[in-house]
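What follows is subunit A paired twice: with subunit B in the first complex and subunit C in the second.
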Partner chain A sequence: MAQQHGIIVLFDVENALRTRSLDGNTYWFDNMKFLGSAGVGTENLVTIVPGTYFLDGSQATEQVLNWLPAALGSIPPTVPRNYLAEQERADDRRTLEELAALSGESGVSTTDLKRLQRRIGKHARKPGGGRGLTEAKLLDVTGKTTSSAGAYNYPAPVITDITGPAVTEKIIYPAQYGSPDMIYDGWYWAATVDTSRPGVYPYTVHVQLHELVERNDELIWESVDLACESSLKIISDPKRNGFTGAGLGVLPLPPVPAAG
Partner chain B sequence: MKDRISIVVMVDAVGALSDRTLHNGNLSLVDDSSAGSKHQGTPDLVTAVVPGQVVQWTPIHVDVQTPVEIQAIEFLSGAPVPLPADQAAPPAPVEPSAVPAPGAVPWTGVDATDSNGHENLDLLVWEGVVPYDMTPGVPYRYRLSLKLHEGPNSVLHIDSPALLRV
Partner chain C sequence: MPPKNRQSERRPTRPVTITAVVDPVAALASENLDDNLYLYDTNRAAGSTGFGTPALHSRVRKGDTLLWNVIPLECETYVALTDIEIDPRIAEPTRKVYPGTDIAFWTAEVKQDLTEPVPYRLSFLLGTVSTPFTPTARPALAGPAAEGKEGR
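And then the complex of A and B:
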């Protein structure tokens, strides 16, 4: 049975935000090299989609594509999605406990207070428009609070749409699906393919990245929408009988079967 | 009597490749024959068939993003068959795919090259008609060879399943 396609799109988020472009900042990787995908691991991936049809012309194998976004330097996608929220809460709890311990008889020193103030960290808020990430503390990849702009962790890139000739020509039918797999926030993009029209069809993946900006003395996660392109190479071949190479025949049984 | 019998080959490709065997629970065969098949769910499935029926084998992978295809189905002939890899524990090294099953009916292999120049076993449909000259009551064992991805260790086989005319 034909396997499903997995297509990893790896983003260099920091560089993409700096150059405001995904050119040179994406790496594409799929699991179909053995059937002819080209440019695996580079920005110029051409994913092979080997379609098949029965002798009456009807499509025999349904090909399914799955897109899996990932980011360089982010928390690995296999870490549970509530990791940052849990870390943030744990950090607040520790700070409160230490604050309670400070009010002893020996008085409160300014250095202790300063240290705890740093621990509270910085919050990044939603932009005024309301679209984007929910308000959260800035955490580094180890889940500790940070106020350093160089240490914080970029949120994972989010695919927002898949468009382009492969879609308008009705070669692929992409959609976002709910999934029990929390690795991708419970959502993933997948598509089925019409393999009856061979050819090379480009498509565009629209991605939302998030940039930390300071505005009115506040840190805000601003969404930055960018797009990148890849393509599919559709081929189509007739099914044939594995025993005869053509149509249905008699099973090739020996005159005397093996014992045992 | 049913016109068609389906034999479904369920494979844990990752398990089979890392164990280098289709045993250890990495393969399960199930059919829908109503004539009294034996050992359902095991690699030793004996499918009860009647002449004239069409038997079709279909591979299904447990992990949907792993490639699992049937490379060959070869019926073993009365010549003595040394028991190979499949019954040894721990499993012996995998036999190269190029070596035909001992005593098998000569079979050259059907061309499965796609229009892009790659071998694509998904192009093959594994089905055939049960012949009328099949001897009743005797199991006809066959070598089922599966190809998991590509490369020197990608082909694994078992010699244990059989068709039995009732």
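And then the complex of A and C:
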């Protein structure tokens, strides 16, 4: 199977929530610039899908694409996704230990209590009956407890669907898959590409962002559904060896390792 | 609008985050980081410019907390921000890690309002190469009045 291509979408969540639009608030990447992807790092990415034929003209394998969303200004996706849950638990444990240590003979000072209250932080809930994030403690962008609605770490955007001409014309077959890879929370969107029809095919990614709102003295994750667009460019260039630039064959390795 | 003072306590806010998106495989293959480094910050509404280039100009004010972090395009290749060189009268970045991990970020406080852009230098370690990569283009910190009102 051909190598899978990752398409990373970086969302300026703060601006997107403020303007209620993803226009100008997404930055798209794939690591296929050397093969001809255009607009890498901008909101106008055209992802190249080359290598669809063998040199003899016969059809090569299909391409697989993965979409990986990330929030700008948040804890980066290299930090495992269960990091926030682990931090929350570790923080609660420390608070409990310190609370137990407070019950000394000299009584409990209000300063200590206030400090611990701050450490307990705030929990944000999901709206009643609605879809959204599970209840969790608010952490800031470095993983520390916060109770400030101006400091919390934006949750990673969640892709909810992929639609558009590329889908209706049956160029891509997108679906959400489960994965043991904790970096992306065990879920990711992927698609196989019909590489037999060269052309440029736009598609729309539907995402859910999460905004923290205060309602009835509670903090609630309100989901905000938005959409953004990109496109695929399928070309009929033959597959080639990435090392030699020529057709597929053996890798340019010496039969015997160099001496020394 | 000034922030609300609750119990005379300063409410914490998000830092201005400057994120370096790096394509480590392309940078290693071409030995050129400039074409494979994309800088962004969370202050576009305040007028930051140069998004998606290695010459990002971030609009900052005295007292702002800055945070630099890295997103690699290839999660199987090592990328780390190893150094930030900037005039220490403006900011003194320090390296920290996300608690419980070995993934680093850098943070600093802006010490003074800037009248003109202050360039700085970022260095990255990529893959297993022991010499840091430093882009030729320089990102900069800029004050609110430094570049007029253009560039929104």
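Note that the second predicted complex is superposed on the first by the 225 of 260 C-alpha atoms of A that agree within 3 Å, B and C clash if a C-alpha of one lies under 4 Å from a C-alpha of the other, contacts with A are read in each partner's own complex, and residues count from 1 in each chain.
As a convention for this text, contacts are C-beta pairs under 8 Å (C-beta built on N, C-alpha and C of every residue); 3 or more make two chains touch, one makes a residue touch a chain.
Given the structure is predicted, the values throughout are model-derived calculations rather than measurements.
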item	value
First (subunit B), second (subunit C), both or neither touched by A:Ile75	second
Partner chain in contact with A:Gly6 - subunit B first, subunit C second, else both or neither	both
Subunit B versus subunit C as contact partner of A:Leu248, first or second or both or neither	first
Which superposed partner A:Ala90 touches (first subunit B, second subunit C, both, neither)	second
Touched partner set for A:Thr42, first subunit B, second subunit C, both or neither	second
Subunit B versus subunit C as contact partner of A:Gly143, first or second or both or neither	second
Partner chain in contact with A:Gly57 - subunit B first, subunit C second, else both or neither	neither
Which superposed partner A:Pro198 touches (first subunit B, second subunit C, both, neither)	first
Which superposed partner A:Asn31 touches (first subunit B, second subunit C, both, neither)	both
Interface residues of subunit A shared between complexes with subunit B and subunit C	6, 31, 34
Contact footprint of subunit A on subunit B as seen in their complex	54-55, 58-61, 64-70, 72-73, 75-81, 103-105, 107, 110-112, 114-118, 120, 122-131, 134-135, 138-141, 149-150, 162-163
Contact footprint of subunit C on subunit A as seen in their complex	6, 8, 10, 12, 14-15, 18, 27, 29-31, 33-34, 40-42, 70, 72-80, 83, 86-87, 90, 140-144, 146, 148, 150-151, 183
Contacting residues of subunit C [partner subunit A, same complex]	3, 11-15, 17, 19, 21, 23, 25-26, 29, 36, 38, 40-42, 44-45, 51-53, 67, 69-75, 96, 98-101, 103, 105, 107
Subunit A - residues contacting subunit B, complex	1-6, 31, 34-36, 48, 50, 52, 61, 64, 66, 198, 233, 235-245, 248-260
